[in-house]
Amino acid sequence: MSDKTLAELNACSKSDFVAVFANIFEHSPWIAEEAAAARPFAGVGALLAAMKSAVERAPAERRLALINAHPDLADKTQRAAGLTAESNAEQNSVGLDRLSDAEYQAFERVNNAYRAKFGFPYIVCVRRQTKDSILRDFERRLPNDAATEMKASIEEICRIAALRLDQLVAADDRLPVTGRLSTHVLDNHNGKPAAGIAVELVELAALGESRVITRTVTNSDGRTDAPLIGGRPVPIGRYELRFSVGRYFAARGVPMSDPPFLDEIPLRFSVSDPEGHLHVPLLVTPWSYATYRGS
Amino acid sequence: MSDKTLAELNACSKSDFVAVFANIFEHSPWIAEEAAAARPFAGVGALLAAMKSAVERAPAERRLALINAHPDLADKTQRAAGLTAESNAEQNSVGLDRLSDAEYQAFERVNNAYRAKFGFPYIVCVRRQTKDSILRDFERRLPNDAATEMKASIEEICRIAALRLDQLVAADDRLPVTGRLSTHVLDNHNGKPAAGIAVELVELAALGESRVITRTVTNSDGRTDAPLIGGRPVPIGRYELRFSVGRYFAARGVPMSDPPFLDEIPLRFSVSDPEGHLHVPLLVTPWSYATYRGS
Amino acid sequence: MSDKTLAELNACSKSDFVAVFANIFEHSPWIAEEAAAARPFAGVGALLAAMKSAVERAPAERRLALINAHPDLADKTQRAAGLTAESNAEQNSVGLDRLSDAEYQAFERVNNAYRAKFGFPYIVCVRRQTKDSILRDFERRLPNDAATEMKASIEEICRIAALRLDQLVAADDRLPVTGRLSTHVLDNHNGKPAAGIAVELVELAALGESRVITRTVTNSDGRTDAPLIGGRPVPIGRYELRFSVGRYFAARGVPMSDPPFLDEIPLRFSVSDPEGHLHVPLLVTPWSYATYRGS
Amino acid sequence: MSDKTLAELNACSKSDFVAVFANIFEHSPWIAEEAAAARPFAGVGALLAAMKSAVERAPAERRLALINAHPDLADKTQRAAGLTAESNAEQNSVGLDRLSDAEYQAFERVNNAYRAKFGFPYIVCVRRQTKDSILRDFERRLPNDAATEMKASIEEICRIAALRLDQLVAADDRLPVTGRLSTHVLDNHNGKPAAGIAVELVELAALGESRVITRTVTNSDGRTDAPLIGGRPVPIGRYELRFSVGRYFAARGVPMSDPPFLDEIPLRFSVSDPEGHLHVPLLVTPWSYATYRGS
């Protein structure tokens, strides 16, 4: 989050206000300009609403220009020519700067097919996605008609704006743009939280390499000190949580088979709600385990 | 198993008996010769005992010659020159004919280090092992002294012999050389066995490619028609069972998130007792699952 | 089951046949008489079908007489005057000879209310029921009209007949009149079947005393040597399975709290399908347990 | 807790101080008198330590008099003659004023046997116990020698004092005299916390009637708004948590058998650590459930 407070931005000059918010909507300062007129804002939620309202009130050609102001995803030529700092960071966060060849080709196909059909770029709020879920989202949207996709694009643009806004302004309220992924390991052999278990969160990828998102260790309460993912959307996608339980039980002198029946336990699951709270616990003995979608 | 019955072999000429059993112990027909004198055998267990007894009674140099009659594992030169049909089939069964470069180098290192220290080849009953477990077995045995390894080699040779014998002779009794790996899927969402779930058993490999051992589908009782592994030892090693539960619940119209929280569920476990019965069931809903070492 | 074989009964005189089957349908030998004409029967299923067909073909007044030939449930006066041996044994099997005062009054109310509305006795196949489920069945049936209840009564009478027939005649086929209730205890602390666990099956009763149906101990496979209920219908009703796990783990020297977190574990469940196979396993450690409806 | 603050009690007259704390130790104001001299206290922990120290410094006969100042448990004659308000409330809290005949006789036997052997009353901090655990505690202590029991009695007396002190004084610190029992219901059929489940906590009693301790309903997070037991010790003893899951699933239109396989689910467990945090969750579908000792 930023050191800019909403109070300051309510009070500053219009030009300063527009300068701060120029890139909340990609290359489209006119939205900040219109919103400036509605100051002061009681909260960041009201500010976002004013910006959305400006977009909705705009004539169709202006909304189309807004859409066209966005870059293609993972387009090397555009990236070389330079994106906004915001777009660049967002695309990197999801790994679009480190694609495998197969993934690069898939994204190129997506961009081209989408642009060929609709005449504007395929837009999705990448901070809410993984590489796989973007390709899946595209497959679902390509059959739509243009009106539906205009609407979908504006919706994604507003999601992008909300996340940029959340990072830029400190206010009393928070936009509901963040989710949480957490875990908890219960040792049912000893009837206690399992402390000191190495945990790895991996984002799975169908076409490229899986990426380790977090490596951590459970604390004395069997939880991790920080959520596995928190303070940001939990990207839609497939994940694997890996728990080193063999080492844990061996260190406690628990009798096991050789090799141990359970060593590294993978829990594979998908995230569908980036702003939700998803809890994926592990109940474990050297001979059994269970998991469930908790909250 | 063979069409040769123990009754016939109890009654045939000594030379026929020796011809049949010449390769039960690699290139060592003298063991069959000695055993022939103890005929008739009440069962195949008694026959194996007689052969083992011949090995134990033999002078040390003869036992050493028996050990030296065995080929190295995964040795390309020896394989090119020709192994006994039995050795060849055994080594292929565990995938020693399809090693990755890293695995090939690991095996070469094993053979050389072992032979350099003990002066005889590293022997292990490969039908009870996976590639990974052989390398692990070697790491454990290399620090031993020569007497311990002479003994360990003879023990492995007798295990090889038992498995060859089990395939060759039909008798009323069976040697305890086979194990079983099975599964069972319970649908706790509907309170019924889960029928029609695609199941895949994969042998994991640290240095090379994982191998699919079995692909099957659960029947109306939630089990597989045949055990995942049966009628042979269950090789020591690490495995992953993969269950396509997303497709199963989707086909039944069960409400799920998109993408489904659980889709393909991997259960990762190790086998430590090749002659045991290992049951690895899955209790599952669209939102939870559990497994345990059953029997 | 009986020592009378279907072959003998196919061959004997008509009067012998009728004598044997006179009480399959309460005080109604005419059904056996009609069925006798259809001999020989390929199996006991065909014999039952012939008897049912005789009932269906009979004029309404005869079917009503068949219904009226049945005693009230748990009626002390009628019991004092004497029931058929079959009715007596059936009523005793469900405990109708040992009712609490509250239960006795409930049954009296049932009999009277039903007879007052329909003019014939309330009939249910008690071997498929518990005291509680009979009272529940009655509550469900009392609002029906007379035609529905005539039909329901005949159906119950045929169920009674099927169970009597199953006990009386030995044939190659068996009537599908029996179910099974079984359990299995897995010790997830040690990764083994739990042997030597005391198990108690109790039938719960809302108005009277709960009854212990079986007391047994798990064998080396964690199962009971015989099903908890088998070779007969599993009566519809509420049950509790009780497992003495505290003593089991204490005997194995497993560290536990004092008193043990888990000592006697009750699993409470209902049976709804008397002819089904119901498996109620227990997965247990000193600190956790799970159960599910298995098959 | 009280409206008396430690600050006030540090500052008041010695006689006021003694008056307030006269009954922290039963009929033994001398302990408060000695502690008064050590004022001011940084916290309630320091105050308790000063009181304990006074007890420990006292000559043996004075400690014996302290022990003898305590009433018998559940003694009708003494209760009729009048206990301190504190003793009365404590004994009532555990139900000693509502004993069954069998329990009353058991307590009389305990009191008499203990007094006959040791010459002083059997003392236990009843707020940390249930009726059953008191009788069990007695059985364990009776075989001890007098010195051990003198020590055990003083320890129990100090526990009683700590709880009285905790209720009487408000300070910045809290004595570690309270525990917590909580639950959580996860609906694994729908992948959500189970809201609106009726929950009952029952204290089991071997000789008398079980007592309902709490009746509540789960909230939207599947938890109860307040802990089942909190802000006081969780009495050592056997409990049953009962969850009305049949009604819950029926209200959601989930297909079930009739009667439902699971209706009221009892979880039976023991508490051994009155000052600990014990979490007993339920993971449930209409066909399965699990629990474990959580934290």
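All chains are identified by letter, namely A, B, C and D, in their written order; residue positions are counted from 1 within each chain.
Quick note on the criterion: a residue touches a chain if its C-beta (ideal position, glycine included) is under 8 Å from a C-beta of that chain, and two chains touch if they have at least 3 such contacts.
Worth saying up front: this structure is predicted, and the values here are computed from it rather than measured.
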item	value
Given subunit A and subunit C, the chains that contact each of them	B, D
Of all other chains, the one whose Cα centre sits farthest from subunit D	B
Between subunit C and subunit B, distance of the C-alpha-averaged centres to the nearest whole Å	48
Subunit B and subunit D: spacing of chain centres that average the CA atoms, whole Å	58
Of all residues in subunit C, the ones touching two or more other chains	188, 191, 257, 261, 283, 287-288, 290, 292-293
Subunit A residues within the subunit C interface of the complex	188-191, 257, 261, 283, 285-288, 290
In the complex with subunit B, residue positions of subunit C that touch it	186, 188, 191-193, 221-222, 283, 290, 292-295
Subunit A residues touching subunit B - in the complex, by the definition given at the top	133, 136, 236-238, 257-266, 268-270, 272-273, 283, 287-293
